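Got some structures for you, see below.
Next come two complexes, and both contain subunit A; in the first it sits with subunit B, in the second with subunit C.
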Partner chain A sequence: MESKVIQIPDLDKKRRVKGIESKKSMYGRMFILPWCIGMAFFFIIPLIQSLIYSFSTVIVDPGEMSTQWVGLDNYKTILNEDPTYTDNLISAVTSFFRSLPIVVIVSLILAMVLNQKFKGRTFFRAIYFLPVIIATGVVMQLLTKNLNGVDAIITLSADTTNTYTSSGGGGGMDFTTILNSLRFPEDITKTMSSLITSIFNTLWSCGIPIILFISGLQTIPEQLYEASKVEGATKWEEFWYITLPMLAQTLLLVIVFSMIDLLTSNTNPVLNQAYQYMNDSAVYDISGAMLWLFFAIVAGTVGIVIFLYTKLLLKRWS
Partner chain B sequence: MAKEKLIIPGAQQTKSKLSKYQVQKQTKSVLVSIFRYVLLISVGYIILYPLFALIAYSIMSRTDLLDPSVVWISKTPSFNNFKNAWLGLDYLNGLSRTVIVGVVSAFIEVISCAVAAYGFARFKFKGNGFLFALVLFTAIVPVQVIAIPLYLNFRFFNLFGLTGLIGGIFGNPEFVFDLTNTPLTFYLPSLFGVGLRSGLFIFIYRQFFLGLPKELEEAAYIDGAGPLKTFLRVIIPSSGVVIVTVSIFSVIWHWNEYFLSVLYFNDNLPLSVSLTQINSRLSSLGVTFETQQGNMAAACLLFMLPMLIMYIFLQRKFIQSVDRVGIVG
Partner chain C sequence: MELTAKQKKQQLKLKTARRDQYKRYTRSTGGNVLYTLFLLIFGLYSVLPMIYMVVTSFKPLDELLVFPPRFFVIRPTPANYQILPSLLDNLSVPFSRYLFNSLFISIVTTVLHVLVASMAAFILAKTNIKFKNVIFAVVQFSLLYNAYTLEVPRYIIYSSLHMIDTYWIYILPAIPSSMGVFLMKQFMDANVPDPLIEAARIDGAGTMRTFWQIVMPIVKDGWLTLTLFEFIGLWSITPTGTIFSESLKTLPYAAANIVQGGLTRAGASMAVSCIMMIPPILVYLVSQRSVTQTMSSAGIK
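Right after this comes the complex of A and B.
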């Protein structure tokens, strides 16, 4: 803006601007230099190493580790010979792509409700942010899974062979027992209990998406809604033409976050299987192949999703 | 409301119609708010359910667990579970280790991510877009994929090849450090902005910095401050909101970190690891306990307690920080 007022000869201006620009870009590189170093040593190199492991036989001697290139053998082993891997892979991938839209939509709805003005808003928000503490870590794992020989504390699904479900006692609430006592046909009980499980899991992973959405909703200027009200827009139109486009960036953030969350969640059967191989029997090659195959499928799809999102939607909305 | 009052005097005849309209509107708003509370309370119940279950379990004795008539409230409450959990977790030691490893690392991460994100947000240079795509990529890759090479990296740590050089001078070119069992396993990645979920934090910071008005920095530049000084004196003080948010996330995630801790630590276990081993530890100590579930529930509560306290104290600030500028600029 100042340049319009103060006339500077063209050549001079160009040179000066270029000088500042190159200096600025140098400073920019300085700011991200530590990150670049760290990424190379703590991310790229380990990533390539693990990729190499997945294509080799890894022999672990005490204190030393040697690898031998075997090509696709590990992948062939897990796909053809391992009895459970393909099932695990399919269930992990499908549950990933099923949960992602549900988590995003449910947390958007809850965020919009929590963003309205009503009595007790702060109280409800405080509760809704709690899963951030409870559900992001080992506690949740202990609650819902049998770990180290200890039974899960909460029983949700019918398929767990839980000892104290049969013994009949126990604290908390056992949904399977309740459903069973209602004497529905077995099919209904099963679907109901799996539905309940997925409701629980979904809501527990909604904590941070809700926070992100609320903070995005707060940035939408009130005037936009006022203007649309004057123009006679319905709530539905408001949502599609104001709320959603204004949330475009947040939506991307939520999608990225939920993907990370679902990928690394402790209910992921592929991760669990690979982790068992790694931890219990120190098999690094097979487990590497297991992880890489799953990861390649997901990363490919995710890349396409993000690409399409930025190319199509973000452009249309901005 | 004020608008309707303005309209009414002008149209006296339509008064009855208007009041009908008002009645309709009121019933609608009552219905909406009932629906809202039903939804919020039922979802809130599901969200709080694990916490309730933990509390219920933690004070139950063996007889309660076997008694089918006991659902939520224990008939013979006992606090033995907490005593056992305290012992099995080695609570105070574990707590101090978790703070030394996790919380310190979290704060290092909060700073380093801000630095990197500022570089991405405010400076144009070749490869900015590509490198930022890499940031997102680091966020998406599950840590399990790179865990084993990372572990080996720390087990035979050679300071990016430098120790080989130094060791070569003293006649020992295979001179390496064993960094496992030290907090450095978490500090180093955090220091370089590739720690626990750093990619996500860089993303959040960048979005926030992009939303800051450019005039702030231009003023500082005109006053003769360099980019580093501008960053420290102008940008950091005006991004308190996002720093609070990232700090809370980072501390909580470090607190709950389990996978890498199991890998890196054999002794001096942080709380999250000793939590999963509490029952075997109690057995090895020769403590007789009532039920495994009860112990576990009490231990879980003890483990979460510092985070819950932090949350209760910072909750207002946290919600405000979410409300104000917002994470997404």
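Right after this comes the complex of A and C.
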């Protein structure tokens, strides 16, 4: 008899808890459902499809496509037979890992400067965000590509040999031609213009990271800095022990964002090559293999970076 | 109501404290000049091309063709802008249609994306549903892919959903982009304390109410930033091989038509690019103002 008396409230409690939990998770599912459906249709299914393409021969007939499984043949072809793919892959991967730390560090420095209190702060913030606004679609095309004889306004590639030959008006502002017209020695002109283009490239990919860093910096409570000032901390110590740990989440966000930005940029040689295959000759299997190999390398490295970051740094800082 | 009053008081206190602190630790004049100079030098890099575009759009034809190119305009003329209506008349669809398409697509998709992404991010950041980690791994993974990779398989899905040559082609694929989810989740992780959510739950607020009245106001910074990014991206969207009727094409397409004109249209294409830049700049100004005003960090710490 006694055991029954004890059991009843137990059961009751269990049932009620289960009820709330299931109701909560139902709401949860409803909240995340629209995104999941979209993701499945526009990302996961196409992704699996393209992975299948990369392992098979795709035959395009009018009206339909048929695939035939060939295993690793496509990957062997691009690595052994394609003359340019390996070079493109190496240059894309190295430039990715070279630019990433530069972009992150430069934008952190600029964000910290822009987060200071000084006159004209809003103005400067707007200036540093301008490239993001300009650098889209048609405007960017106009700025970087030579369109039917119209010279590019800025030559964003560090290809200095090309800029010498580009000539003849059309409204282009080319640093090399400007420097040449000022009669500088050729060596100085070359170094100057490559320096300028690399600063350009960096600054033009810093717009969004700067915004992200600024909004991260603004969430750091001022009291921490006041306390550290009272304790007699130097600026350097403030940066290492307050700013950086408090920015841990933002830093991860910026790293991921810059990675995507760099990976999907128009100057990526692997993407360009694969895209050419796809568009010009409708070769979906080889191009699929090209892209998948590149993304496998990058995703692997990035995954390791994120894993180490969250496991080591975030734990230490929080 | 009492809580908000308290919060306001607290914020006011914080603000005055900040101002006082600023007064005391303000930099010397030399320091200020140094800061401004440093920012100006690097700022020139971002702002020069834009100034050049605006300046060039006012150049008459003979100045456009001068070699070596001159930076400034000597005899400014609005001719490049005046020629635009006649160039746009040549298009088979009235210009207002392109404008409507662009605005409609940008606004509707931005709103839907921000909403869907924030909802998903809220669940990922603040609840314990099944497969949470799996879903977030998919988010991170999908960030690394760009449209190129998925273009062909996506096209097959579009056509099986009968989306080709409709507005849906612009709107639907843009909604579940994972950048928004990632961004919002990070913002929520950093700014919304778990005890606040628990307190709301104990007070009887449901998921919906917690989301709208507690989480979203706190991460206003986040979704304004997301709105800005998304709008800029969508404003410049040009369909590739998925839209065939002229009446469904967007403004960048019309602008590209003018730019394709080549050398003789150099001035006009500069003018049209300058006009294209205006809406993103407006969105930036609006969102940036509210971002700096809210200064986040409401609620408890």
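As a convention for this text, the second predicted complex is superposed on the first by the 245 of 318 C-alpha atoms of A that agree within 3 Å, B and C clash if a C-alpha of one lies under 4 Å from a C-alpha of the other, contacts with A are read in each partner's own complex, and residues count from 1 in each chain.
One rule holds in what follows: a residue touches a chain if its C-beta (ideal position, glycine included) is under 8 Å from a C-beta of that chain, and two chains touch if they have at least 3 such contacts.
These numbers come from a predicted model, not from an experiment.
**Q** Give one of first, second, both or neither to describe whether A:43 is in contact with subunit B, with subunit C, with both, or with none.
**A** A:43 contacts both subunit B and subunit C.
**Q** If we overlay the two complexes on their shared chain A, which of subunit B and subunit C does A:83 touch? Say first, second, both or neither.
**A** So A:83 meets neither subunit B nor subunit C here.
**Q** Considering only touches as defined above, state whether A:117 meets subunit B (first), subunit C (second), both or neither.
**A** second
**Q** One more residue to check, A:212. First (subunit B), second (subunit C), both or neither?
**A** both
**Q** With both complexes superposed on chain A, which partner does A:226 reach: first (subunit B), second (subunit C), both or neither?
**A** second
**Q** Taking the stated contact definition, name every residue in subunit A that is touched by subunit B in one complex and by subunit C in the other, in rising order.
**A** Shared contact residues on subunit A (touching subunit B in one complex, subunit C in the other): 24-25, 27-29, 31-32, 34-39, 41-43, 45-47, 49-50, 53, 65, 110, 113-114, 116, 118, 122, 124-134, 136-139, 141-143, 147-151, 153-154, 167-173, 199-200, 203-204, 207-208, 211-212, 215-216, 218-219, 249-250, 253, 256-257, 259-260, 263-264, 271, 274-275, 278, 284, 288, 291-292, 295, 299, 302, 306.
**Q** Mind listing the subunit A positions that touch subunit C in their complex?
**A** Per the touch definition, subunit A meets subunit C at residues 24-25, 27-29, 31-32, 34-39, 41-47, 49-50, 53, 65, 110, 113-114, 116-120, 122, 124-134, 136-139, 141-143, 147-151, 153-154, 167-174, 177-178, 180-181, 199-200, 203-204, 207-208, 211-212, 215-216, 218-219, 221-222, 226, 249-250, 252-253, 256-257, 259-260, 263-264, 271, 274-275, 278, 284, 288, 291-292, 295, 298-299, 302, 306.
**Q** Per the contact definition, I'd like the list of subunit B residues that touch subunit A in the complex.
**A** Contacts found on subunit B: 33, 36, 39-40, 43-44, 46-54, 56-57, 60, 64-68, 70-72, 74, 112, 115-116, 118-120, 122-126, 128, 131, 134-136, 138-150, 152-153, 160, 188-189, 191-194, 197, 200, 202-204, 207, 211, 226-228, 231, 249, 252-253, 255-259, 262, 272, 275-277, 279-280, 292-293, 296-297, 300, 303-304, 307-308, 311, 315-316, 318-319, 322-329.
**Q** Taking the complex as given, what residues does subunit A use to touch subunit B?
**A** Contact set of subunit A toward subunit B: 21, 24-32, 34-39, 41-43, 45-47, 49-50, 53, 65, 110, 113-114, 116, 118, 122, 124-143, 147-151, 153-154, 164, 167-173, 199-200, 203-204, 207-208, 211-212, 214-216, 218-219, 249-250, 253, 256-257, 259-260, 263-264, 271, 274-275, 278-279, 284, 288, 291-292, 295, 299, 302, 306.
**Q** Taking the touch rule as given, give the residues of subunit C at its contact with subunit A in the complex, in rising order.
**A** Per the stated touch rule, the residues are 14, 17-18, 21-22, 26-27, 32, 35-36, 38-39, 42-43, 45-47, 49-50, 52-53, 56, 59, 64-69, 71, 116-117, 119-120, 122-124, 127, 129-130, 135, 138, 140-154, 156-157, 161, 172-173, 175-176, 178-179, 181-183, 186-187, 189-191, 206-208, 211, 221-222, 225, 229, 232-233, 235-238, 252, 255-256, 259-263, 266-267, 269-270, 272-273, 276-277, 280-281, 284-285, 288, 291-292, 295-297, 301.
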